[in-house]
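Contents: one structure, followed by commentary.
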Amino acid sequence: MENLTVGAAAEWIRSVILLILGNELLTDVVMKFVGLGACIGVILTAAIVLTYAERKVCAFMQVRLGPNRVGGRFGLLQPIADMLKLMSKEDIIPDGCDRIVWALSPMLLFVPSALIYGLFPFDEGVVFADVNVGVFLLLAISSQSVLPFLMGGYASNSKYAFIGGMRTVAQMLSYEAPMVFSLLGVVMITGSMRMTDIVAAQAENVWFVLLQPIAFIIFIISATAETNRTPFDLVEDESEIVAGPFAEYSGMRWALFFLAEYANLLSISILTTTFFLGGWHGPFLPGVFWFWMKVLFMVFVFMWFRWTFPRTRIDQMLSFSWKVLLPLALVNMMFTGIGVYVWRSMM
Amino acid sequence: MFGKGLITGMRVTLKHFFGKKETFCYPEEKLPMPERFRGGHLVIDYKKCIACQLCSMACPNQAIELKVVTDAQRKRHLTSYIHHMGRCMFCDLCIENCAIHGLHWDQNYEISAYTRDAFDYEVLTDDDRQYLKEVMEAAAANPAPPIVPKKPAAPKPAEAPKPEPKKPEENKETEVKPNE
Amino acid sequence: MAGTETYTLNMGPQHPSTHGVLRVQLELDGENILSAKPIMGYLHRGIEKLLESRTYVQGVPYTDRLDYVSSMNNNFGFCRAVEELAGIEVPERAEYIRVIVAELNRIASHLVFIGSLAIDLGASTGMLYTFRDREEILDLFNLVCGARMTFHYIRVGGVNRDVQPEFIEKTYKFLEHVPVFMEEYKKILLGNEIFMSRLKGISKMSKETALSHNMTGPNIRATGIPYDIRKVDGYSVYPRFDFNVVTGKNGDNWDRFNVRYNEIFESAKIVRQALDGLPEGPFMAKVPKVLRPPKGEVFSRTEGTRGELGFYIVSDGSTKPYRVHIRRPSFVNMQGLNDMCRGYLIGDSVAAFSAIDPLMGEVDC
Amino acid sequence: MKTYIGADALALLKEKFHSVEYNTEEAKPAVYVPADELLQLLSFLRDEMGFTRMENVTSVDYKTYFEMVYHLFAWKTLDTCQDVPDENVWITVKVKLDHEHPVIPSVTSVFSSAEFEEREVFDLMGIDFTGHPDLRRILLWEGFSGHPLRKDYKQAAPPFVERITRRGH
């Protein structure tokens, strides 16, 4: 079950490039770009697949049929139609906005969302950058997505957008903390911050969801908040502040926000899979298959949350983070520490 | 316990996720409309119509525009029956007031259009106009004797002095005074 | 440190959660609401003026357009006023049919309320479920009167047409279904902790405040005053039916929701009793073709879905009313909006808009 | 609205307020009161006779004069709503106003619930309320001229807006 699919493909591409260039070093550089392209390809594909999936999941949970016009009975080409629609839309720039900041915001938002993909171990050996401080880097990058939201909210020169921007900061900062502490439990057990090590540790023993159930729940909750999805979608809360920071964006600029949202959804599912569900590890089937199966299941779970729950209020949400999740995460960390100490000393 | 309600809610949505769907593909499958359904275009039984204009008068919004001619036999006929659907409330008063029960809906609810002008719907069909022509010709060939000698009845439009012989619809009308 | 400033936020007229074209000017301090000023009139069509130039019979379809999610109740109110003015005795069967359709419409309207509250709180799935079940009622109405929204079924003197046996059968079937779907809402909304925390203790209103704003309908019943015109006046055949007036305790949004939720059961109870006791007989009184009520005036009130719906009609003896004034419950209830929003957060204001359940067609008339 | 106010209660009112008039012939006589005594009458009705609910405020244009119409409703057991049949009483109070300059004291100091309804009357009928906390147009916009519910109101021709039509359909 080693590298049956992705690894083999990479090997083949590498050999082709080596044949053309004839230089090992140059080939490695080119291969990095190929990897980069693959990551972006994953994101774009995910955006297409996930929009369709979200529409269908939403529709099915709401006893509707969902898209069934474009592309046959099941509306398979709906994302393409959406994309074409978004591209052909007029780009409206609101009067009185801070042009540069306003235009930068969607692009900057996409950067951290895309950057994280470099750290994900998709399969054994299939990882763009296997950094030894992977977890740390990952959290550092993902926390960068606060700024573009604030930029968009501030620069739109709209009150709704501004409230949305302010909410983003409050929300993301408060949920960053329990998320980090919930991951620390995993790191403590593994003893490494390298993503591949974490997966390997789960492959040897059990999935961390069994060892760290509380951390898993905390992580899921704060991940929902980090990706701005219901019940914590207060940033783009359409019934209160219309669309928050996105209120003034249209066409492709809005599509970038949209893309980032789905990239985030996927990355958070990948993270859950990597940290708690054993990553690519699984019996019989190739790793890539297991990996995507778990990821898609997590995506479904997040969609399931979204289409079942009402949203919380901003004060409830913040106090839930600081008063419930954070102490819980700290307690969990303490018990994990004791457990790890006892287990190590017993060994 | 906190979270129990959340789990039950999720069970409901999951059940519906796999369950039967309530909606259907609309233009391919259509809901059957009941027999009393009010909507769509008006359909008139032209051969029965006595051009009494009750429908037009009953309309609260003046959505029905009629043009009437009187033939040589002093019978009135419609030459045009325009239903301004943009003004229509589909309140059914025109149909209920029809003296001969010759007006009804075609129950086609797909009546949206791109322009407002498309809402000025002509109810009379070509067949009706053909019929009108025949009737007019027949009447002209056999004109009724003039009632008052000094004013010969000519086949002129907008000249409808006397009501036509009443049809048996009269017995439907109730003549009861209010209690006070 | 610089001082803080308050700012004004216009919610509406094109806002996802103001239920039509309501505009609310919120005076905000951060996320806290200092005052909420409803600004209406975006849907003003001058129905009162229109009715002056239509005959009494022609006026009925205009009342459909007042509160367009419970048109039957408006028809009912208007026809009762005209009947009182003209002294028309409505046959018993007609009264029963009226009560049946009015209560069914009340259920439909409350389902819309539950759905819109759900979607305002972000639970769009809950909204789809309520609309799915409301569809059954609309189909029933489609069967009996041929329209799904603007019924124009209740006429001066009775009802337009008799109910078919099929309608009765299907209504019984629907009544069987009521507890089933209500249980589902209970699971997805009522028992949901997030939903509870969004509503409990929010937009609290005391009995005195509610009275001073002249609130009616479920809004006043949520504060604990069992003020229901069906009981107070006992008009039509309502005194013959056994039903409870649902009241709340605290007057918060949770109670407003629960009052309407439980009223669905009460309405279903009334419908069942009315169906069981549906007498034979004519469904329409003998009404003159040209209705000329004697000179005089009448103020007749009924319990609409949103509260007390009053029609004040002045007749000058001609075929057309001289003056019609409609006391719209939503319009009067809007006075309480400021009290319901002040001191709460933006998120609560959305819940307050929903909980007061205004219908812009009715507010703006 | 079960029972209208009784004749003796009306006589009591007449005794208290000499300017009050009503037609004894009618079954449900409306109580006419001059504008300057309206507030006293309403306070009396509210405090002494238990008419705690101002159900409806409206006005009628009789071409030569305006008439403000107040429908009040008394129910002593409103808070508990026990069904005590005889205590379900209502009364109509009317005020005749000059057609040229209709001015009337606002009743919001007695019944604060009348605020929106008085604004509506102001907006659509053009009756001025003195002492109203926030007298603005409520249904029509600020720049609107005229009062549509008056009988002599003539609607201005709607502004000509060229229709955008699409050909080919």
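For clarity, chains are labelled A, B, C and D in written order, and residue numbers in each chain start from 1.
Rule of thumb we're sticking to: a contact is a pair of C-beta atoms (placed from the backbone, for glycine too) under 8 Å apart; a residue touches a chain by one contact, two chains touch by 3 or more.
Just so you know, these numbers come straight off a predicted model, no measurement behind them.
The interface holding more C-beta pairs in contact, when A-C is weighed against A-B, is A-C. In terms of Cα centroid distance from the overall Cα mean, chain C ranks first.
Averaged C-alpha coordinates put the centre of subunit A at 59 Å from the centre of subunit B. The distance from the centre of subunit A to the centre of subunit C, with each centre set as the mean of the Cα atoms, comes to 45 Å. One simple way to say how far apart two chains are is to compare their mean CA positions; for subunit B and subunit D this gives 41 Å.
Counting partner chains per residue, subunit B has residues 6, 9, 12-13, 22 touching two or more of them.
Residue positions of subunit A touching 2 or more other chains, listed in rising order: 61-64, 307-309. Residues of subunit D that touch subunit C in their complex: 1-2, 52-56, 58, 60-61, 69, 71, 75, 78-81, 83, 88, 92, 111-117, 120, 124, 137-141, 148-149. Only residues 57, 59-65, 68, 304-305, 307-309 of subunit A touch subunit B when the two sit together in their complex.
Note for the complex: subunit B touches subunit A at residues 6, 9-10, 12-14, 16-25.
Remark: subunit C residues 54, 57-62, 64, 86-89, 125, 132, 135, 142-147, 150, 152, 160-161, 184, 187-189, 191-196, 286-289, 291-294 touch subunit B in the complex. Those residues of subunit C whose C-beta lies close enough to touch subunit A in the complex are 7, 9, 15-17, 31, 118-126, 128-129, 132, 188-189, 192, 194-195, 197-198, 345-350.
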